[in-house]
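First subunit A sits with subunit B, and in the next complex the same chain sits with subunit C.
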Partner chain A sequence: MKITMTLLAASALALSAGASLADGHERIEIDGVELILAAPAPDYVEHLDKVMSGWLFRSAETQALELDDFDNPAFVFIDKGIDLFNEVDGSEGKSCASCHEDVAEFAGLRASMPRVVDGKVQTMEDIVNDMRVNYMGAEPWKWSGGEMTSVVGLISLQSRGMPVDVKIDGDAAPFWERGKELYYTRVGQLDMACANCHEDNFGKMIRADRLSQGQINGFPTYRLKNAKLNSIHGRFKGCMKNIRAKPFKEGSEEFRALELYLASRGAGLSVESPSVRN
Partner chain B sequence: MKHTSVMLASFLLAGAASAAEVAPQEVAFQDGSVLQSLTGVAGDAENGRKVFLNRKKGNCLACHANSDMEDQPFHGEIGPSLDHVADRMDEAHLRGMLVNSKMTFDGTIMPAFYRADGFVRPLDKFKGKTILSAQEVEDVVAYLLTLKE
Partner chain C sequence: MAKGVKPRVKVPKTAAAGDVITIKTLISHKMESGNRKDSDGNKIPRSIINRFTCDFNGENVIDITMEPAISTNPFFEFKAKVPESGEFKFTWYDDDGSVYEASKEIAVS
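Up next, the complex of A and B:
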């Protein structure tokens, strides 16, 4: 396994422009910002030596799309996010920008999300809808709808390059434990756990797809497959359906816990939003 | 494994009552092998090859390479190559691998293709169903038996 991974990372790096190897961490640069795409695994990730971004497992062509924001198709949606941020909506006659002059004020937020607030796992989608409903008097957006993923993408982009660092102790601990349990529970007619693919077999081909560690540091993710930004919970749903399991609902307690746990498995990786995947 | 004799007995009863097909919960294992055909009808290797390839059925190529299918792009790397597998495993063991490979490889990622219950949160449309029918299992076994040196 070790040999495969070293080779893989090396070939990924060799194939992509702008990438260099330093301190044993795979790093790339996008728009002048350095991103760390592999880091020593935190102690609580017992079965991995290294945590690795999904970017390292994609083809050279797909990788290249992410290295320049002009080539990155996700930026069409980021632009839409900027428009939505400035658009007045709801009974209060306000836009996001009425209260938040510069979206850059949210730098660092993505890196610490999700977080536990008032005994519940709060996600970026929750914050956006809280703002819309309680501050603007507007309708909430659908979890994985185009408006939501665009604005979540825009806010997440402000943290690009910052290390993922979510809180998992204190009141977050029970949610983290629940997420871990879900990660290792076999589900569906194919009877597989997330770990069977993303921990035991990352780096290997499953038919035409090279398995990654299933990290979420790059979400929302532009997928070539559906040509749009994809939410974290939307991706979880897709993986569950593929193993013929009844997915949990987007925004469910289960997916919130799983999101917290997966974010913690990416500790030390840079926020890479909006990433490009196949 | 403890329940082998019980399972075998209930199989005999059910078998006598219904058609010749062995129901998923009645399959009798012996050290990972299933000695008796699930249907009593000889497997059709040609159809077995199709089931092997079909993404909604065996989808075996997702995880296994197979030189006999070199025309197909993208062979998986999760499991071992199935080249010459019939030289390594006999018919009964191949059948056992297909019915439930966990009887040979505890904790394997390979799905059990002829098991209908005991799943957590299966999608409604697959509830109580096996991935392959009894005859499809026999057909794939017949196909695998053609993979030898």
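Up next, the complex of A and C:
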């Protein structure tokens, strides 16, 4: 595997991270694929001029980890995902690969997720478990378990570099509105909404960490703090605990709606999975 | 054998004779230090990879003793001079006696 590392405009700017970033698109290249990590904000994101990937807010050392697929610790789990993809499980004697010969056929899927199917927000985790239960006759995996994040990571990787583009009109509109409402609703003992940190104060320090915009284009993401791949809903729970709120459940209606809304806030950014964060 | 152990190795495919090349290795392993306790307060027994070696055409390149303070998924990056074509062999030794192996060919012109 030939891995090239080209840091274009982003590197120098990234060091100074935060609101001071110059306008325009920031780009990086991983394994020959160009990723757009900052883009003009979509119209419906009223309070931001541009949307920025969490990569831009990280230290140079953490950023470098993501630029090389060997250095990126998430690929340990992607390798496990490949094994799981080919592993026969359940009463039907099938693996994922029995029907989906090449995982590359999922290119583009992650960029369009979550989506609304039959009046419900469908996530990557839903698709994997639906296949496991209904086609393989296997036990569903836990939402943020190691198997699930590895396989979701592997499938998401196929879309790396593609622009996030989720559908928010039609069927999806009420869920999107619900997600937006949640994003701006203050909760918990600290009485904070997502927006208080990730919209009003991104780029500033929160204790020893720099606040990002809370984009989800890089999930599942490898976090240095827990040395594993983290799911989107798992991260939401962590955020809610930090503001001393009672977290919603993984897979709950609330988190699904929030995932849809957050994905739409990252429209124009590239899918970056599996990203590396602290 | 510890669960989910998977070695990864990166060696350039080609090099010129006498070149100094960079080798990167990583093995997924939980590297349980033996100092932690589980939720019932019982000590979790130590389970780490205690030795890592790399050989080139039978000649030792690097031999590392590893201790419990080394964190999960140990990563090593080192340099080696390649006089001729051949094969790098990588070996990891687990506390429980398991041996994990990987090898990579390199063509030297």
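Simple rule for what comes next: the second predicted complex is superposed on the first by the 255 of 278 C-alpha atoms of A that agree within 3 Å, B and C clash if a C-alpha of one lies under 4 Å from a C-alpha of the other, contacts with A are read in each partner's own complex, and residues count from 1 in each chain.
In this section, a residue touches a chain if its C-beta (ideal position, glycine included) is under 8 Å from a C-beta of that chain, and two chains touch if they have at least 3 such contacts.
Here the structure is a predicted model, which is why all the values come from computation and not from measurement.
Enquirer: Should subunit B and subunit C be called a clash or a fit once both complexes are overlaid on subunit A?
Expert: Aligned on subunit A, subunit C fits beside subunit B.
Enquirer: Of the two partner chains, subunit B (first) and subunit C (second), which one does A:Gly188 touch, if any: first, second, both, or neither?
Expert: first
Enquirer: Which holds for A:Leu224: it touches subunit B only (first), subunit C only (second), both, or neither?
Expert: The answer is neither, since A:Leu224 touches no partner chain.
Enquirer: Tell me which partner A:Val117 touches in the superposition: subunit B (first), subunit C (second), both or neither.
Expert: neither
Enquirer: Examine A:Ala173 and indicate which partner it touches, taking first as subunit B and second as subunit C; both and neither are also allowed.
Expert: neither
Enquirer: Regarding the shared-chain residue A:Cys99, is it in contact with subunit B (first), subunit C (second), both, or neither?
Expert: A:Cys99 sits against neither subunit B nor subunit C.
Enquirer: According to the stated criteria, A:Val76 is in contact with first (subunit B), second (subunit C), both, or neither; which is it?
Expert: In the superposed model, A:Val76 contacts subunit C only, not subunit B.
Enquirer: After superposing on the shared chain, does subunit C or subunit B touch more subunit A residues?
Expert: B
Enquirer: Figure out whether A:Val33 sits in contact with subunit B (first) or subunit C (second), or with both, or with neither.
Expert: A:Val33 sits against neither subunit B nor subunit C.
Enquirer: Is A:Ala60 contacted by the first partner subunit B, the second partner subunit C, both or neither?
Expert: It touches nothing on subunit B or subunit C.
Enquirer: Rounded to the nearest angstrom, what is the minimum C-alpha distance from subunit B to subunit C in the superposition?
Expert: Minimum C-alpha separation, subunit B to subunit C: 21 Å.
Enquirer: Intersection of subunit A residues contacting subunit B with those contacting subunit C?
Expert: The answer is that subunit A has no such residue.
Enquirer: Show me the residue ranges of subunit C that touch subunit A in the complex, using the header's touch definition.
Expert: Contacts found on subunit C: 4, 6, 8, 10, 24, 26, 28, 71-73, 75.
Enquirer: Quick check on the complex: what are the subunit A residues that touch subunit B?
Expert: 185-192, 196-197, 200-201, 204-208, 240-241, 244-246
Enquirer: Can you check the complex and tell me which residues of subunit B touch subunit A?
Expert: Touching subunit A: residues 59, 61-63, 73-78, 109, 111-112, 119-124, 126, 129, 131 of subunit B.
Enquirer: Considering the complex alone, what residue numbers of subunit A touch subunit C?
Expert: Residues 70-71, 73, 75-76, 79-80, 83, 227 of subunit A touch subunit C in their complex.
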